[in-house]
Amino acid sequence: MKEFLAQGGYAFFVWGAYGMAALLLIVEVVVLARRRRTILTRIGRLVRMRGAKTP
Amino acid sequence: MKVNWFKFAAPANFYPVAGWLVSVFAVLAAAAILIGLYWGFFETPSVLGGTNPQKEYYRIIFIHVPAAWMSMWLYLVLAGWCAIGLVFNTRLSYMMAAAVAPTGAIFTFLALWTGALWGRPSWGTYWDWDPRLTSELILFFLYLGYIALHSAIDDTRRADKAAALLAIVGLICVPVIFWSINCPDPTQCAALHQRSSLSQMESNILSSMLIMAFGFWMYSFAAAFARLRGIILEREADTAWVQELATKEARR
Amino acid sequence: MLQVVDLACRRGDRRLFSALGFALDPGVLLHVRGRNGSGKTTLLRALCGLLLPEQGTIRWRGEDIRTLGDEYHGDLLYFGHLNGIKGDLTGIENLRIAATLDGDRIDTDDLWRALARMGLEGFEDLPTRMLSQGQKKRVALARLVLSSAPLWILDEPFTALDKDAVVLLQTLIANHVDAGGLAILTTHQEVPLTSGRIQRLDLGTGFDTEH
Amino acid sequence: MLQVVDLACRRGDRRLFSALGFALDPGVLLHVRGRNGSGKTTLLRALCGLLLPEQGTIRWRGEDIRTLGDEYHGDLLYFGHLNGIKGDLTGIENLRIAATLDGDRIDTDDLWRALARMGLEGFEDLPTRMLSQGQKKRVALARLVLSSAPLWILDEPFTALDKDAVVLLQTLIANHVDAGGLAILTTHQEVPLTSGRIQRLDLGTGFDTEH
Amino acid sequence: MGRAFLSLLRRDITLAMRRRTDVLTTLFFFVIVVSLFPFGVGSEQQILRQLGPGVVWVAALLASMLALERLFAADYEDGTLEQLLLTRHPLSLLVLAKVTAHWLLTGLPVVLIAPLIGMQYYLPETAIVAMMLALLVGTPVLSLVGAIGAALTLGLRGGGILLSLLILPLYVPVLVYGAGAVTAAFTTPAESQPYFYLLGAFLVLSLILAPLASAAALRISLE
Amino acid sequence: MGRAFLSLLRRDITLAMRRRTDVLTTLFFFVIVVSLFPFGVGSEQQILRQLGPGVVWVAALLASMLALERLFAADYEDGTLEQLLLTRHPLSLLVLAKVTAHWLLTGLPVVLIAPLIGMQYYLPETAIVAMMLALLVGTPVLSLVGAIGAALTLGLRGGGILLSLLILPLYVPVLVYGAGAVTAAFTTPAESQPYFYLLGAFLVLSLILAPLASAAALRISLE
């Protein structure tokens, strides 16, 4: 295990690369999921506000 | 039976289709990336001998090369949607373009970042003004230009068209730029063209890299469609179907 | 001559008007009315082809203005909220360039006469940046004196003008319409429009004012 | 309260007016009239201290405004031909900053009320660049609702406003004057000014219009 | 059509001449940027000579770009651009007139002052001649390509700096071959010929495409 | 008074944030200008290292200057500047608020990205640290001094380029000592100390004088 993590002494480079890749992709996925939800709740609020005003 | 493809060009109809596509591509991407990583880390020799003495850091190749490929491919996709949008004036294609751009920029950045981390152990420097690296940097600037212009204009219709025009101008310029950097001395261009040597690669490495590339490709699809769904919702906020959807989601 | 069919325009995320349709014959003055923010400027810009409407077509002499393109522009004279004159050029220079670009061949005497007609005698040779608000507007409006375009589209042309200039502009518009031209204008001021045939178009209220 | 003695202003190489003198007591509305280019804007800017007059002094509560400096500015509210609002900020934000810089401590509810008073309900949260010409003007004028400055100087405040807004603005000015404030304004429109005491000042004709 | 072209060209030149500084300032900007470098880098003859072509071209790029920012902006703000859109003439022709005026006022002076700069950087004579020629062919390309960016960023806040983000990457080929031509001419002038062919090709290409693209961008920006 | 300062500072930052790109674009301009040079000069490590400090400082100068152009211009055009003049607060305080916002948005990001640039130019680590410090002290001076020029050229056509003519010469001392500090730190960090003292002195001086001068210039420009 230790050996695997060490990557033959090049841990910084290998994990640096993979770390950044994982970070960016995960952040993108999270941001995308969150964005959809915030948009929907915002629109929902707008609809409710409008609904309250008309009667 | 005749399928009316134009029906799907309406955002309202495409929204549920996109939702379905997202899950399909996400599953494919996850599978390919997991397989590729396993193969890449455990089934490839840790030291390459012969003409290409690389150590463990060659494992960066499994993200470096796929990311570089995706960065270029996605720019083509971006420009393609932009061109379709400008010619046929379809809203959905502009939305597609806007959905692809950030993912493309991310992959471009990844190619640069991983390349830099590879360059240090391999060439002894993080950065070099090598043609390939430089043109990737310029591609990054083109992506950023598209995104920056799009977000600087807040009338979405205008933003779509202006950014689309920029992407296409960029596309016309890309070959010129690429070639000018690759060939700073026009009298000796021929000598500079042989560089990549995919065929000499160890077959295990090659196949896991190709699997990773496939995974990244599927990931791009998934991310683009997911973003597209958000964009559709944002832009169609005052239509009945979005409002219905929003109230339904809120109740849940 | 000008025909508008089922027009709808959107600004930002609000639809301003839809299913708007009207037809104008030569010799008509159309007065577009509506509150602040009701979409008058938007409508006029769409009629010029400066803004792509969300839906609907605009026809000039039976043809879509999108296909007519520059040909339509040749028949059109538009005044927006901005004056469209260069502050660094004199009144004469501004007018000469505007006339040349309009394709009118006009000699210098005509230019001087037009400016004099607008009450700018003695100011023709000053860079327009040195003029007062109303004088700038007068320079811009001098184009109306020279223009041979059949269609005038004027967005609030009376602002900043003093009483004399308002009367003068009314006369110009009346003459244009009486000679078979077409004019479309907006104004909040109560200006008695003295032309033969006036049509009115009321745009939906943008919002309500309480007081 | 405001006293003008032997004022002369020059713009470019023309003297616009000279030996101008008047004094205004609290509760007076001064209507400055004159043709385009007669020097109304110039006079107003000189009264604000934005423009150094060629000759003469302007006194506020007995002291020269040059020596009063920023203290005078605290008592003053000026509207020029430009609106003085940022297109990228919303109406609320614009108003809040203006109020803070004026030194008024105003809570957010007051801001919303002021905009509602100006008929901008529903538009408070939009960047003002997305508003129509008249709506922008309304945002700018909302400062009048909040202001506690005794001296208002307004250069053509009625342009671009629709009828409702004109009436509203008239009411605001009348209230201000009735409460002992001072207002100086120019306008070409025939607006019946409904305040108690109105003084009129006619600036010499800038030039003549023939028609 | 020719009359409209000429009239607009003359207008823009008159406008610049009215503020006499306008013409000179681009030039001075160029000269100052070029002269700043020795302060930062030191004044060793060998280094400066190597730097010369690159610095001159980067400075020319920046000067062209800086002036470009105002290419349409002034017309946009006072409403004359709107009026240009509504004339009977093809917009791309009018754009070409404006770009021509812009080049005459900013590109040409840079070409003419180049020999002086070359001397500051101890360039050999052959290189100086090549530099003038390269600038003569290259700077119009900069103006033409930049016009697209200027049209796209019209009326946007922070337009100037956004403009640089958009068009500087597109300037790279001109920079590479422009500077390459000068460096190649250090010894024998003949060696720089291929560079000139390429620069010429860029010029032809951008003369054809850039006015069309700028016109389209203007229409979008004014919507 | 503090409230007015903060409120204006917050306003300017909000304005920039509204267009999220605004903050990033200055940065990218800087990065792009720095990246252009290798295209013109070639990519030899030895040359680039020598160029590094000079290029970084010249690019910082230009980035700061370009953004400065709009420091007062936007407020001038929409009439808010007029209103600022007519508040009860001293104008120099308000100017200082605007300059502070400007530096936070343009100077600070440049300082933070400097290490990356240093690597592109193969600078040694000591030099990179010195570069960051020098930029941290030097860029506020650029903003402060530039504000005077921005105020003077307000409302003039071709202001941007006139501005550069006025203030670039004033920037030269900062450039010389800033680049000097970096070069001196190539070997031993201690050698660059005197440069830092000088830069610090410039900063104090300009903090005191520049707001006053800019305020005076604004009053003249608006008359």
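List of remarks:
By written order: A, B, C, D, E and F. Residues from 1 in each chain.
Note that in this section a residue touches a chain if its C-beta (ideal position, glycine included) is under 8 Å from a C-beta of that chain, and two chains touch if they have at least 3 such contacts.
Just so it is clear, the model here is predicted, and its values are computed rather than measured.
Fewest steps needed to get from chain E to chain F, stepping only to touching chains, is 1. If you take chain D and chain E together, the chains in touch with both are C, F. Relative to chain D, the chain whose mean Cα position lies farthest away is B.
Chain centres here are Cα averages; for chain A and chain D they lie 52 Å apart. Separating the CA-averaged centres of chain B and chain F is a span of 35 Å. Mean C-alpha positions place chain C and chain F at a centre distance of 45 Å.
Residue positions 12, 52, 81, 88 of chain C are each in touch with at least two other chains.
The residues of chain B that reach two or more other chains are 141, 144, 148, 152, 155, 157, 181, 237, listed in rising order.
Residue ranges of chain B in contact with chain E, taken from their complex: 138, 141-142, 144-145, 148-149, 152-153, 155, 157-158, 161-162, 165-166, 169-170, 172-173, 176-177, 179-181, 184-187. Every residue of chain D that touches chain F in the complex is listed here, in rising order: 48-52, 70-71, 73-74, 76, 78, 80-89, 93, 96-98, 100-103, 127.
By the touch criterion given at the top, residues 11-12, 34-41, 81, 116-123, 126, 130-135, 137-138, 156, 159-168, 171, 188-190, 206-211 of chain D touch chain C in their complex. Interface residues of chain F, counted against chain B in their complex, comprise 19-21, 24-25, 28, 32, 35, 38-39, 43, 48, 119-120, 122. Those residues of chain F that touch chain E in the complex are listed here as 15-16, 19, 21-22, 25-26, 28-29, 32-33, 36-37, 39-42, 47, 50-51, 53-55, 57-58, 61-63, 66-67, 69-70, 74, 77, 156-158, 160-162, 164-165, 168-169, 172, 175-176, 179, 183.
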